[in-house]
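Next come two complexes built around subunit A: one with subunit B, the other with subunit C.
Up next is the complex of A and B:
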């Protein structure tokens, strides 16, 4: 399967900005750098769209424009939180108006499948449309569905992506749960903080996937795999080794690993141990200092991998002996949702 | 009517419009402001929230929401009744 196009709206504006970014972060919450939506979306439709809907639709349209494919055979999204902003408006109105006089727009737009639906409405696309809402596997399951459709030959072009937003309310609640670091933040480099908690993030990332090579693809997605709640580090190592073996890949064949360290010392221990066992000696880089932690952050990691493979350019501070041609993405979300993506340059 | 126009703009999030851009007799739906059925529901909520007026009959909507003037007239006619 080939990544024909890739687009993201993330805390970093572009791949060039990503390349120049160090592990220094400005705080415990990274908000997306949003474009001028009026240049991308019909202004009559924008007025009803909440922030995450605009982010998702804009990323999808950028991606489709890049691919020159404005009528995908399938639109598949993954989101864990859904449209939180509109959900909050709707719930707030319920309380304020004593469960009466509810505004229809916030209710209609608060459902998790709003982004995929709005893309279809804009394109007037009546093809397959689905949204996966499964925590830290939401994007992975969207990808699995996309790859299944392509492998079965039912479709040729699929638009798929991962979207999640953080709002003031969700940030405050998740902070109370202890998910995020306490401020003031004592170190610039989150990966050296040696404390509990991570930094909040968000993003909307879309890909156009095709079964055939186009000659202008970002990368070839060789395979992906997920595993759920491994009982031990040994089990994680076994999953990774088996995955690589099935792809006939040795450690020495992997030029770069993009892994999901998020600055939480317990979370990052998993990666540190893997870099001393199954990943020994392989060059690696992180991505969550760029996008923060959120359930569909692997979509951003995949976008980063695709851009590195297409451009041959590497983030600041990362030196490789040769231009990378094989990249492995490994991420776990809260020790529960583990995913692997193997990509090759075209 | 100027206040009503402001309320319509706020309720429907018509950010690009100012009250003076909406004509008193300009049709609100389709060929006029281009509003649709979801906007009609929002306008029903606006009447209830701001003026405590419940649209008694859904079929009335078409004539009530024809323009800002017809809405204003409906509000004037029914505000006394709502307060009773």
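Up next is the complex of A and C:
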């Protein structure tokens, strides 16, 4: 399967800006750098869209434009949280007005399938349309569905992506759960902070996946794999080794690993141990200082991997012996949701 | 080895019963599940009837084996999924690659909406345990661990077509050899959030709903969960007897017309039904029963009816909306109705469309109004259409 196009709206801007970014972060909440939507979406439509819908639709359209493919055979989205902004608006009014004098707009846009549905509506696309909402596997589920459809053969082009937003409310609640670092902390390099807690992130990332080679692809997606709630580090290592074996890949064949360290010392310990065992000696880089931690952050990692493979350019400070041609993405979300993506340059 | 996906078990909880046999008995005796709100706390209690599961959370907890403070969404899911699982009784289950694929629309909103009123008074207030299972995927995680399933878990949320999509995503993964057995369907609990949401859209009936009736006024919200167990041909061969029902076709299409309304000609519904027939290779005239989406709203029933008129011209099969019993269980409806469809094939049943009085003037057919037994039911089409234009149809066939 081939990554024909890739687009993201993330806390960083373009790939060039990402390349120039050091490990420093502005604080515990990384908000998306939102583009001028009027260049992508009809201004009358923009007014009616909530922030997450705008981000999702804009990333999707940018991606389709790049592929020159405005009628995908399938549209599949992954989102753990769904449309939080509108959910909160409706909930708040419902509580404050004691279930009276409510209007439907926020409710209508609060359903989890709103982004995929709005893309279909804008494109007038009657084809397959699906939305997955499985926490840290939301994007992986969407990718599994996409790859399975392409494998079936009737479908040639799939638009698939991962979307999640932070709102003031969700941030406040997740903070109470102890997910984020207690300020102040050293923002220069969160991976060296040796404290509990991560930094919140968000993003909307879409891909056009095709079963056939186009001659202008970002990368070839060799295979992906997920594993759920591994009981031990040994089990994680077994899953990774088995995955690489199935792909006939040796450690020395992997030029770069993009891994999901998020600055939480417990979380990052998993990666540190893997870099001493199954990943020994492989060059690696992080991505969550760029996009923050969120359930569909692997979509951003895949975007980064695709761009590195297409351009041959590397983030600042990362030196490799040769231009990377094989990249592995490995992430775990809260120790529960683990995913692997193996990509090759085209 | 064929690519057939067999259905080996079903499980359900709805307003008309807490298990399969109670549901069947209510369908046979024509006993609807709507009534005045008993468990949901809302100011609309006396004005809007709903179809509640007739157990409080304490009783659901006992039946499910989960703590009572868990979301009602998870409790309902656990009961129906466990019934399906034990009904399937698959030998050597732990050695098989299994998946739990569920669906819902509002996750743990039944708890979140209570948390939110405290939280709004002060951000440090509200018990975190009431919001910890808010995400749609949380209920799926909880039930997957009850069932001992780890190989693949997924949750789908495409409004009212959610469970239908969960079922055929599962079937496809079996078909492609990724999994051997999948428990798929969906769950949704009644919440103030959905009740008020649908109320603002002015599509709730303040009496008991009358799907596919000329004088229909809207839908009644319901709650529940429904799951089917699907296995590969290889696993089916290991069962004491080969299951009689297969999932023979499915299709997902988008209406691409409006965020909440269906197109007047039912484009999405038409494409979904047509696609399911094509996938199965079964002709329209071979369909013996359609379990309608049939919400009872002006808009859905005319769109769905128009699509049926076009696709089944001249040979309209018996059809009915079992939402006249269960209310509209939203994300669970595709699962609940898949269970009824499988039972229809297994037992030769056709269910009545309750309270039907007057034929819709635009349609040349009327729904079935009496319960029928001992029918030769070979192929059943089940429709699930939702907000966002998400339309899906499932086709069940007798082996």
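As a convention for this text, the second predicted complex is superposed on the first by the 345 of 346 C-alpha atoms of A that agree within 3 Å, B and C clash if a C-alpha of one lies under 4 Å from a C-alpha of the other, contacts with A are read in each partner's own complex, and residues count from 1 in each chain.
Convention: a contact is a pair of C-beta atoms (placed from the backbone, for glycine too) under 8 Å apart; a residue touches a chain by one contact, two chains touch by 3 or more.
Only a predicted model underlies this, so the values are computations on that prediction, with no experimental measurement involved.
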Query raised in the report: Sharing subunit A, do subunit B and subunit C clash or fit in the superposition?
Result: fit
Report task. Considering only the touch criterion stated at the top, classify A:102 as touching first (subunit B), second (subunit C), both, or neither. Result -> both
**Report entry** Which of subunit B and subunit C A:113 touches, first, second, both or neither
**Finding:** second
Query - When both partners are placed on the shared chain, which of subunit B and subunit C touches more of subunit A - result: C
Query raised in the report: Does subunit B (first) or subunit C (second) touch A:43, or do both, or does neither?
Result: first
Query raised in the report: For the combined three-chain view, what is the angle at the C-alpha centre of subunit A formed with the C-alpha centres of subunit B and subunit C, to the nearest 10°?
Result: 60
Report task. Minimum C-alpha distance between subunit B and subunit C after superposition, to be given in whole Å. Result -> 7
Query raised in the report: Residue overlap on subunit A between the subunit B contact set and the subunit C contact set?
Result: 102-104, 108
**Report entry** Residue ranges of subunit C touching subunit A (in the complex, touch as defined)
**Finding:** 42-44, 105, 107, 112-113, 116-117, 119-120, 123-124, 128, 131-132, 135-138, 140-141, 150-159, 165, 169, 172-173, 176, 178, 192-193, 196-197, 199-201, 252-260, 267-268, 271, 386-390
Requested in this report: Name, in rising order, each residue of subunit A that touches subunit B in their complex.
Outcome: 43-44, 47-48, 97, 101-105, 108
Requested in this report: Under the touch definition given earlier, write down the residues of subunit B that touch subunit A in their complex.
Outcome: 11-16, 34, 38, 41-42, 45, 48-49
Query raised in the report: If you look only at subunit A, which of its residues touch subunit C in the complex?
Result: 75, 80-82, 87, 90-92, 94-96, 98-100, 102-104, 107-114, 116-118, 120-121, 123-135, 137-138, 141, 144-145, 148-149, 151-152, 169, 172-173, 176-177, 226, 228-229, 336
